[in-house]
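The structures considered in this document are given below.
Consider the two complexes below, in which subunit A is the common component and subunit B and subunit C are the respective partners.
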Partner chain A sequence: MNTIWIIAQGTFGEAMRRKILNVFLLVAIAIIIMGFAFGSLDPRQEMVTVRSIGLGIIELAGVFISVILSINLIPQEIERRTIYTILSKPVQRYEFLLGKFVGGLLTVLANIALMGAVFFLLVSYKEGHVNVAILKGLLMTFFQLFLVCSIAVFFSAFLSPFVNFFLTFAVFLLGSMSSVIESLGTQDSKKSIIAVDFFKVLHLILPNFGNFNIENPIIHPDVIVTNEFHYFLITIGYAIVYSAFVLTAAVLIFDKREL
Partner chain B sequence: MLSSNSRNLLVIVIVILLFPIAFLQKSIDPWRAQYETDLDANVSNKVMGDLPIEFALPAVTGFKEAIAGLLWVRTDEFFDNGDYGAVIPMIRMITWLDPKDVDVYETGAWHMDYNFTDADQRSDRRYIPLALALMREGIENNKNVPDMAGDMAFTHYFRKLGDFVGAVQYFAMGQQSMEDLDKQSDAQPNNLELLDVRKTGDNSITTTSHGLAHAYEALGEIPQAEAQWQYCIRRHELNIKTNVGNVYSDKSSLQVAQKQLYEMQQRAKWRPLDTKPPVDFGFSAELVRVAPKIFVVKGTLTATGAEKYNLETHQVTWGPVDGCRVEYRLSDAGYIMPQLATFGLIGNKLDDDVTIMQDSASARKGTWQRKVDMSQDPDMYSFTAPKYTLTFWFNPSNPADCPPNVQDRIGWLGEGLAHTKYSDDSGIIPGNEVHPVQGLHLYKKTITLTRDDLLGLSKQTVFD
Partner chain C sequence: MAQDSSKDLESLADTAKDPGLAMQKAAEENVGYAKVIEIKNLVKTYRNITAVNDISLDVYEGEIFGFLGPNGAGKTTTIKTLLGLIFPTSGTTLVLGKEAGDIEVKEKISYLPESPYFYEHMSAKEVVGYYGSLFGLKGAAKDKRVDYLLDLVGLQSDSKKPLRAFSKGMLQRVGIAQSLINDPKILFFDEPTSGLDPVAHRDIRNLILHLKSEGRTIFLSSHQLSDVELVCDRVSILNKGKIRRLGTVEDLIAGGNVEIIAENIDPENSDLGRLKAITSNVEFVGPKTVITASADNRSKNAVLDWVRSNKGDVVSVAQTRRTLEDIFYETVREGESGPHIPTSTTSTVSSN
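Up next, the complex of A and B:
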């Protein structure tokens, strides 16, 4: 565990120095601030637009940061040949992979925290009270990115960064449309049973990023959600179990990979 | 490198993990309805397919509400340009993207019911079933917003359709939703967000609960109306005492409720006496064709009402009064307003072959008259059916057609109107066959017209 943590710390330090990620972070923060100007586009519900744009930007920037960071975590080490130095020490391959993943995750957490803090403070200032609901949205966004990172790391165990980039985004988009896939899996007279069963299975095994989209009640404060804590618990559980699933697969593949 | 045993173990772990993943997803699915709309797959797919690509991609990644807001701005532009056909698909997309935006449901349905008009500002009544379906969906998706049901009751059933049975149903639903909110809030006293929602909900007493009392009164159900006004008074007093809601507004509304209750109780005392003997308002109606699709509707209605009335002492002066309205409706013979199950994209296409025109005219000094020009709007009035039904009626139960000082003479349901050849006790108000009103006495005249009658070229052809 200590080995994983040391690798994670090194990865985090290195990632935070990467200019491209910092550019994403700064652009996102700028758009969040500018989002307050977009509110006037929909004068009836100014804060609805502001909250929606802010949370959306944090999610989208978070996804870009997660993907760009995670797809390079392992290939970069191979390209620079630093992996050989590390693996020549008493470090198992799975420890290296998990350390890289944890380091990447810490970087994503730091980025989310920075963007979230700016957004949280601005919304609270604008609304004149502390908006705790925003923090719930940030928490769920983090666990969504947790899943994105684990999938990107899984693909990075056997794919080039270029292919990985598009594949991870494709999975993210598909997984974000989970409600559409779920509705395709409902029986009606026009659909064949095979198609319905296919979409049912697809809905259950695809990583459903839509599960983490809880913006609607945050954006509309008059919406009451029952047993929210329970929902958060099972959704976070889903992110952890799903990530464990793909990371275990990644460990198996990476372990066999010719370096 | 992992040992063979470790690898086998990991393979087993991977296979086993698939089960909790599926189980957790199954557990999450029922909860998702709280966060996104639960629409038929065909509608969802159609909406996604119809969204421009620049909107579709952000919509699936967490920008749904922002995209909905931007599309709503665009919808306003379509409305301002009179492009009504484009407005409805936009409303479908927006409410799919953001099912909690009550503003879109309320404003969208209001546009459909009132603002899609002909050259003479008469609304296109073919949109009413769509507006009702949209509001039903909005209520279903926003059960804890009492104003949604209240708006359905007032804007659509009470004002637009004059359907007080439907209005009672939805006002009561809104009031129930308000009480449910109170119970939830009482059960979780530390939930400040819920308290905020409750405060907003409790402001609906003035609209929803007062509206319910008015709707009961319009149906002549006076004991229920009285009980409802007393309920409103109790709720306002409680709100003022517990400092929930807007205290200033509650104090003002409390006075209104007390005044309404007092006046209704007095009227309930005197009207059984005042409505005797029955009075004949001399209702008549006729249609004059001026040119193809252009008509003059006219007739008589000599309303009698209280010129002066002291409700406390029952000192009253009866005389001829203005302010009543006669309604008229022309529609394809046999047309009955459809009840749409859902506000879907596919079912939203209007039937271009249906012609419906409805309006009203004010009676002054015993006569009423109005020019009806349907020649400017062929899209709205296609006149493709071979036969049409034209109905004129005077509805004493509708406050928009019969002011209270006239009701003082003829009662809440027209029980003081003398029976004439135009009397109708079916309780059915034209255009609303779903909810007949028990005990209602209308004056109604119905004429069947052929297509040639309406489109003929000769002037001054009179139907009476």
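Up next, the complex of A and C:
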């Protein structure tokens, strides 16, 4: 555990200095601030739009930061040969992989926290009270990115960053349309059995990113959250369990990989 | 039986006092102890490319073992196998008596890759400390060890600067410091003097000798043949995945060369192929032809006969000392021409 933490700290220190990630962070913060500067005439409508856009921007920037960071966590270490000096020390491969993942996750957390803090303070200031719903939204966004990071790290155990970039984004986009895929997988006299089975399997395999936006009426028009605590518990638990499976697979693959 | 055990104990006591003696004894007698690295029939293939083709060798405690070969000979593949970074297709690799890559073995070895990269945002002190943490070092003990090593490699005054401000030579010194953090028994050095200025180059060469004097075993892969000749006890030369030469430096360079200078030889001579079958080391310098061959009578006379039969005039015949570079060059050229060259007779190992 200690080794994982040491590697995570090294990864975090390195990642927080990556210029491209800082660019995403600054642009996102700038857009959030601009959202407040150019409001509409109706103040109530304005805050709804600002909240929606703000969380959307944080999620989008977070996804970019998570993908760009995570796809490079392991390949970059191989390319720069840092991995050789680390793995020739008494470090198990699983410790290295999980250390990189945790370090990447810490970086994502720091970025989300920075963007979220700016957004939260501005919303609270504008509304004149502390808006807890923003914090809940940020929490869900973080666990969504937790899942994105684990998928990118899984692919990085055996794919190049270039392929990984497109694949992780594809998984994210398809996973965000989980409810659409689910409906395509339901039996219908007009659909072919092969197509239905295909979408069923796809829905089963793909992570359900839509769950993290359950309060979004566009994605889930028919869902009303009755027990919020239960919803958070299930959704966060889902992210953790799904990531655990994916990371276990990554460890098994990475353990056999020739470096 | 009791007598044998007593002899063994005496022998072990001697070798414990003097690691150099252990190496010498083991090399001479080819006995089974004091081997710190054992490679047996190692084969490594990547799809249809054979990077390492059935090599076997032993490295003994306390020696500096030079691992030479042209680019693509299979050196790095072998080192990576010994570190457990890649896995053999067949054959065995034992380090300190255990399978390569074993976590207990990793406690006692270290590796310096060619042109190492470290996290640039860290200072030298932080980087070496980071690697120390991976061995469980912490607190004052870690600080003390890090300070000692940075002083040893001459970086104490720059220890707090971020690595992005470091030159290549300074980074190489950081690499050496990190490789010593665990007080290793075996050091794997891959091109430790590559790209260094002459002063840094000499410092690192002296440091390698200092490490040997402390009883450490050094597995040195380098293209700096003059360094290898100076510091290594034994050397192997790999080419195309096979060990082509193996033995002590003295034995490999024994015999010397003969340099024959001749005139009136046409560089376009159609019989040149026959000369190059005797020695590939033929140079045309202005009107003169400089032919370097092995100093044994057979080679020397064959060259002289060739010169005379081609109506050349022998200007001078001089005995020269062979260098490791000559041996390396010959070995690589022999490998290019096809036939497999057997290992040196001094070898305690075999290459099949």
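A few points about this structure:
Basically, the second predicted complex is superposed on the first by the 239 of 259 C-alpha atoms of A that agree within 3 Å, B and C clash if a C-alpha of one lies under 4 Å from a C-alpha of the other, contacts with A are read in each partner's own complex, and residues count from 1 in each chain.
Note that a residue touches a chain if its C-beta (ideal position, glycine included) is under 8 Å from a C-beta of that chain, and two chains touch if they have at least 3 such contacts.
For clarity, every value in this text was computed on a predicted model and none was experimentally measured.
In the superposed model, A:R81 lies in contact with subunit C only, and not with subunit B. By the touch criterion defined above, A:I6 lies against subunit C but remains apart from subunit B after alignment on the C-alpha atoms of chain A. By the document's definition of touching, of the two partners only subunit C reaches A:E258; subunit B does not. Of the two partner chains placed around the shared chain by superposition, subunit C is the only one that A:E14 touches, whereas subunit B remains out of contact.
Of the two partner chains placed by superposition, only subunit B is touched by A:T235; subunit C is not. Looking at the superposition, the partner that touches the larger set of subunit A residues, subunit B or subunit C, turns out to be B. On subunit A, the surface touched by subunit B in one complex and the surface touched by subunit C in the other have residues 92 in common. Every residue of subunit B that touches subunit A in the complex is listed here, in rising order: 1-2, 7, 10-11, 13-14, 17-18, 20-22, 24-29, 31-32, 34-36, 39-41, 44-45, 48, 57-58, 60-66, 68-70, 72-73, 98-103, 107, 142, 144-145, 181, 184, 193-194, 196-197, 200. Within the complex, the subunit A residues that touch subunit C are 2-3, 6, 10, 13-14, 17, 80-82, 84-92, 256, 258-259. Contact residues on subunit A toward subunit B in their complex (touch as defined above): 38, 41-42, 44-45, 48-49, 51-53, 55-56, 59-60, 63, 92-94, 133, 141, 172-173, 176-177, 179-180, 182-184, 186, 188, 203-205, 208, 210-211, 213-217, 219-227, 231, 234-235, 237-238, 241-242, 244-245, 248-249, 251-252, 255. Residues 80, 83-87, 103-104, 106-107, 109-122, 130-131, 133-136, 175, 178-179, 182, 188 of subunit C are the ones that touch subunit A when the two sit in their complex.
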